[in-house]
Amino acid sequence: MLIASLSMPEQVTLTLSALILLSSFLLLAQVRVDSLINTFALQGLLLFFATLAIAFISGKYDLLISAALTLGLKVIFIPILLRRLVVQLDIHREVEVLVKPSLVMLFGGGLVLFSYYVSLPITELSLLSTRNTIAISLAVVLIGMLMIISRRKAVSQVIGFMSMENGLFFAAVVSTFGMPMVVELGIAFDVLVAVILFGVFFFHIRTEIGSLDTDRLNRLNEVDK
Amino acid sequence: MSLTMAQLAVFLTLLSSVAALVFVKKPRFMINVSFFLLGLSGLVAVSAGGMALLGNQVEQTILPVGLPWLHVCLHIDALAAFFLFIVGFVTFVASCYGPSYISRHADDGAHAVSTLTFFTGLFVAGMYLVLLAADAFSFMIAWELMSVASYFLVAYQHDRAENRSAAFIYLLMAVVGGAFILLAYGVLAAFGDGFSFVSMAKAHLSPTWATIAFALAFIGFGLKAGIVPLHVWLPQAHPVAPSHISALMSGVMLKVAVYGFIRFVYDLLGGVQWQWGVLVLLVGAISALMGVLYALMQHDLKRLLAYHSVENIGIIYIGLGLSMIFAATDHKEVAAIALVAALYHCLNHALFKSLLFLGAGAVLEQSGQHNMEHMGGLIKKMPVTAACFLIGCVSICALPPFNGFVSEWLIYQAALQGTVLKNGILGTALPITSAMLALTGALAIACFVKVYGVVFLGLPRTEKIEEAHEVPRGMQFSQIVLAISCLVFGIFPTWTANVLNVIPQKLLGAGFAGVNGESWLWLTPINTQTASYGALPVLIGLLVSWVVVYFFLHPPTRDNSIRIAPAWDCGFGPLNARMQYTATSFAMPIRKIFSFAWHVSEKVEPARIGKGPHYFLHVSDWVWMYVYAPIGKIIHKVAERTARIQGGDLRIYLCYSFFTLLFLLWVIV
Amino acid sequence: MIALYATLFFPFAGALLLGLIGHWKSAKHVNIVFCVGAFIAAGMLALDVFSNGPILSDGKLFYIDAFNVYLILLNAFVGLTTSIFSGPYMSHERDIGRVGDKRMRLYHSMFQGFLFTMLAALSTNNLGILWVAIEAATLTTVLLVSLYRTHESIEAGWKYFIICGVGISQALFGTILVYFASAKVIPGHEDGLLWTVLQLHAANMDKGVMALAFVFLLVGYGTKVGLVPLHNWLPDAHSEGPTPMSAILSGLLLNVALYALVRFKMLADPALGNHLAGNLMMGFGLLSFSVAGILLHRQYDIKRMFSYSSIEHMGLMTFAFGIGGPLATFGALLHMIVHSLTKSAIFVTVGQASQIAGTQVISKIRGLIRSNPAVGWSLLLGTCAIAGFPPFGVFTSEFLLFTATIKSYPWLVLPLLVGLAVAFAGLFRNIQPMVFGEPPEDQRKVPVNMWPVFIHLALVLWLGLAIPTVLAQWLNQATIMIVGQGVL
Amino acid sequence: MTGWLFALVQTLCVVLFAPFLAGWVKWIKCKLQNRQGPAPWQPYRDLWRLSKKQVVLADVASPIFRAAPYIVFGATVVAASVLPIVSTQLPTAALADVIVLVGIFALTRFFLALAGMDVGTSFGGMGSSREVTLSSLAEPALLMTFFTLAMTVSSTNLSSAVAYLSQAHFTLAPSLIFSFMALLLVAVAETGRIPIDNPATHLELTMIHEAMILEYSGRHLLLMEWAAMLKLTLYSILIVNLIVPWGISLTLEPQAIALATVSVLGKLLVLGVLLAVSETSQAKMRLFRAPQYLGMAFILSLLGMMSHIILEVR
């Protein structure tokens, strides 16, 4: 399909989804904790706009509620909470050393291709004209996971986790115009609680091992016994 | 009727277990009650089995327990009845023996004894139920109940590490065996719909599947019966249990395994193929020979007896193998002879092996140790036990006119009919196995001369033996009963064989003709011209000649007094116990001759200052060294390798799920 | 209907209340009271379902049928017995100063909260809510895992949190895909995730999408079930948390996750029309079974060891559901019951044992039968039960499972049996020295309450000897729902 | 009835004849080694003397020690009673076939060995150990021989076997040749003759049978000695009646029996001579070479059975 053949809001949606993908690549590359959080907030914002756009395209206005949820949770609450945490833990200036960043980037690119390849059967069926956005959302999920794998700091892992959630949310929006409202609320609640628990854990880990380097959490194993 | 009684027997055993729990606080009372109930159940089982066997009844009933669509189904027929008789009899005897034997344990904490009696009840109940079960599910439950209960009995004296490891190995191999049996039944169930024996018997298997099922059953039941090379648990587990339990395990439980094998192959599987027979025959022969050879090298009395169980199971399997070969080549009469021989030997082995284990228990209790090298001269301290043990030895050595001889004689007779076979392989397999059987018998004599000579004859080797004395009444009684029955079943073989003859008639469709031939005195499998054995006349002949000779040599005209004098000591001062032959030295020539059979490590330490010379001898089991130990090593290695996936690194864990996801996506797209 | 809401209300209210008063001395009794309430309600619910069939709540939010009613009852029951055990256990932990007031409050509240999420997950009709509830279950237990605040417990909690969080997100993606597929065939935006609606239209849903969805769901819920290689969180979480929590984790959470997986399989099978879902589950099941079995040989921590045995049994059940066919499914459903009863009983016993010995290290726990016969025998018998010895119920289910396997995949029986023997050896080589032999001197006297264990083992024994008709009926109906034909 | 009477008489005769055969062999040997040996009926004198002597019993001896001589002797007598010697119409032969015969011999050996162990001297133990070791090799060979025979004549009943052999026109059956060679070897070993054992020696390194009965005296010793002689006789009779059965009577007519008796006596004396010759012409072998000798016997008997199965059945 030619992008020119699409209406302006759809073009906007496509652009936004591209930007969301870009943002998660940015997350993958980001080394400074505070800018990591900012990038995450940015992704949330893009997600919010994308939701709005799709709401207008599809005319499903209950999407506005989930858009509002996104705004409140992913753009405002979580980033603020995380920032306060890192300030309290005094790690907001820390710079994390990435192992083979270029390789990770390449792998992320590969994931995008792979998710496109995987989500073909879905996109065939999508009502939405901007259907390949589903592939994007899958890619965002996978890249989020890749980020958790490639990072050692607890904070970065949490942010990777959250960006996975973003991907899921995006997938729900672009494929099925959001989930049933009760489910949306439930998911939002879970995410909320999850973030708070993460916060609690930061302190525990910090007090136990003196830093947030999760690679030092490796006492429980079957190997050296 | 007989089935109802059998159920009553089961109920009584369970009751004895319950009694063990109820009267935990009053151990001595508990022992009496629970063993009384056990003995009662034994008697009931004996009468139930006897009725069903003599009346050749077949009964069946269904209990409202088990799976919703497969209720527990019990039955009794001649085969089950015969084995029920054996189990019941030995149970009765063992429970006469038990109370006075384990009352000494009553002091080391009530729980210990109640454990023992509790699981004894379950163990016996399990054996009864295995015999009564008429569907695979209840059979398996009963079977595993038997195994687990006996495991707790083996682990009874669990303070010693070797007992624990013995129990562990026992249970492990029981598990494996149970799995194989389950598979065998599963194959049958898959072909003939349903788990009830009736529908299994109807199953039509292709020869390949039949052979698979047979192999599974052979391994599964063989593991419990203890055929070589699946025997390694047996010599470890049997000795460490209390002696009356060893009697039950060695004398009866192995027979239950044989029952399972017969039931499966003849009754359920059917369509016996001669190759199976050859396999059973050869494995049996090897078991018999290796069993007696290993027994010869033991000096732990009960372990020696346990190895002899391997030998006798081998003999039973020889009989079964012969009968399978003949049945497959459609010589039903000869097959019947071999089958009856095998069954007869089951009965005999149950009798004399229980007798020997009970005797061993009495000796152990008095001498306080397992090692024969520290015994000796017990015949004067405990004459009754000694006499009964002697009868046991004579019977197990298959010497006329006792029972062991009859069954082996029948097996020989069956083997000698090998000329009717047209098949060269079989024609050669039979003589070879009969040669091995002959060798086994001769070696068994050597072994039991050693046992009896070292344990009961000669001079006492320790002080503890000096104050040994005869065991209590109950223990004597049960030994005497067994000894008498050894003689009875030895001198009335015709009657026994006649009774047993209904089993081949049911399983093979033909009994053997000659058994009720000319006279009840003569046991004549085929006909008088071919072969005959009159056990009672032989016995009478022996007695008569002894009496005649005695009176001939003791004329009243002369004083026949005897002068007691010290034995001639070649002038080197008085004889002492260390001068006499030990078990090890007695078996030395055989060890030299058959050195291929063991892994012998021998070491002589020359005398040093303050320390005399020392001689170390360790005889170990090839099978264990080269089959079982490596398996353990392999598992350990594999576990070590596998443990690496639990390396402790979170990110690697995530990689697993990540790549699993990618892989699966890639697979389905 | 009332019974249903009561069943959910009790733990919910309990969570709130105990969040306030959880540190009181009487909190343990309050805890028990709420569990009793939930159990009674569940019992009434079960009676209701038994007498007049499946219940669909108004608003279609909850749906109780033969498949989940017995699991609800089981959950309520195990929750009750575990709460009975947790009373003395936790107060002893508090006496030896491992937990303070704040954490007692947290513990009690989260205990009830966890039960609530479990019951909600089971009783809901909405697959989205199912996901929400299971995720919530993770959240409620994650702080319990790290309750002791030691290095190990924090580590365990973190791993549990991240691995399960990531895994469960995939389950969400799968759920979204299912919703997406259903949106094509089902009118009405809100009904698209209702089980009652979905199962009617399952056959018309798109093949490719459902395949994708099932993969995500398998990986997602499979992580919670503890399928190898997604299992790594499980031993850590089970071994480091307080024992009552290990008991309900092992006894309930894994079951519920498997329940969710099977629900989705029931949707995927008609949609795919092939045996893909089954094959995947068989593969994972067999892998988990064998790996866990072999790893039993490397255990040094008693709770870790039994968590591996949980993995092994979950693998077995997954395999059985994968085989499909009435016999295997019936066996698997039965195995869910007997395993959770037996395993929770074992964990309770293990808790007592480790308090007696003052450690969880296997090599330091010795001679339990001598020092404390009740605990020693329960441990030994429980292990016999879990190892699948008759007359315990585990044997029954494994028997059904094996025979079913022989019928459909004869050659797969060999790995099963080898795995069984290996796992057995791994269990018993560690158990024997713990229960047998002479106890060391430094064992403590602790207040033990073995009634939960005895009740559980008695039930398992009963199930081994005879399956009550009610249960048989439910299992049979569930089997019919899952594979289309029953065994009765 | 006459048959039973005849069997009784025959048993008595062979029991009484046994010492003479032993004496005969010894006498021939002395003549061959040109020594002035004792007369063939010397054993009767010895036995008579022993019967008059008082029994001296070791203080540690148990009842087994006192019962053993009676058991051993009695069992050997029973064995004698079932052996077809001059007539195959022997009713007692139905009591015990050849396997029972081997069993009875085993019974005697069992108690002999126990008696050896009883007093607790090292000689006795040594003797029993060697005895059971060697017999554990000899007995299978013997049984195999009999099996081959039984397969050929399709009976394990001795009298019908002998009848069959004596009636059958001479056939050169390899199986029988092997078996009879084995039988000869085994018989030498079982009866404790050179080269396996030496009845004349009392040298502790070499003796086997003598070591076991070393502690015996008086009538006990008499029984033991007599049983040994009887055993020798029985084996000789087995050999002659199986290898050269011709002349044995198939009925119970007096003249036939008389004829048979003469022929059997003749054969036995000849066999005695042969035995004496072989004993003179070779030395006793070391204990640990005996296994090779007996293994040879075992192989021969096995070969016999094989060749029967493979060559002769069809």
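Letters A, B, C and D name the chains as they come in the text, with residue numbers starting at 1 for each one.
The criterion applied here is as follows: a contact is a pair of C-beta atoms (placed from the backbone, for glycine too) under 8 Å apart; a residue touches a chain by one contact, two chains touch by 3 or more.
Everything numeric here is computed off the predicted structure, so don't read it as measured data.
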- Task: In contact with chain C and with chain D at once: which chains are those? Just list them.
- Result: B
- Message: Using CA atoms only, can you tell me which chain is the most central one in this structure?
- Response: B
- Query: Looking at C-alpha means, what's the farthest chain from chain D?
  - Reply: A
- Query: If you average the CA atoms of chain B and of chain C, how far apart do the two points sit, in angstrom?
  - Reply: 44
- For chain A paired with chain C, centre-to-centre distance based on mean C-alpha positions, whole Å: 31
- Message: Centroid of chain B to centroid of chain D, CA atoms only: how many Å?
- Response: 35
- Note: chain B sits from chain A at a C-alpha centroid distance in Å of 70
- In chain B, the residues touching two or more other chains are 643, 646, 650, 654, 665, 669
- Message: Touching at least two other chains at once: which residues of chain A meet that condition?
- Response: 118, 121, 145, 148, 214, 217-220, 222, 225
- Task: Going through chain C residue by residue, note those that touch at least 2 other chains and give them in order.
- Result: 158-159, 162, 166, 170, 211-212, 235, 295, 298
- Item | Touching pairs - complete list by chain label | A-B, A-C, B-C, B-D
- Query: In the complex of these two chains, what residues of chain B are touching chain C?
  - Reply: 64-69, 111, 137, 140-141, 144-145, 147-148, 155, 158-159, 161, 164, 167-168, 171-172, 175-176, 179-180, 182-183, 185-187, 189-190, 195, 635-636, 638-640, 642-643, 645-646, 650, 653-654, 656-657, 660-661, 664-665, 668-669
- Would you pull the chain C residues touching chain A in the complex into a rising list? 61, 126, 128-129, 131-132, 135-136, 139, 142-143, 146, 149-152, 154-159, 161-162, 165-166, 169-170, 172-173, 176-177, 179-181, 183-184, 189-190, 192-193, 206-209, 211-212, 235-236, 239-240, 295, 298-300
- Message: For the complex, give me every residue of chain B touching chain D.
- Response: 376-377, 379-380, 383, 390, 393-394, 397-400, 405, 409, 412-413, 415-416, 418-419, 422, 424, 427-428, 431-432, 434-435, 438-439, 441-443, 445-446, 448-450, 452-454, 456-459, 522, 528-534, 537-538, 541-543, 545-546, 549-550, 553, 558, 560-569, 575, 577, 579-581, 585-590, 592-593
- Message: Show me the residue ranges of chain A that touch chain B in the complex, using the header's touch definition.
- Response: 114, 117-118, 120-121, 142, 145-146, 148-150, 152, 214-215, 217-223, 225
- Query: chain B touches which residues of chain C in the complex?
  - Reply: 158-159, 162-163, 166-167, 170, 211-212, 215-216, 218-219, 223, 228-230, 232-233, 235, 276, 280, 291, 294-295, 297-298, 369, 373, 384, 387, 389-391, 395-396, 399-400, 402-403, 406-407, 410, 413, 417, 420-422, 424-426, 428-429, 432-433, 436-438, 464-467, 469, 472, 476, 487-488
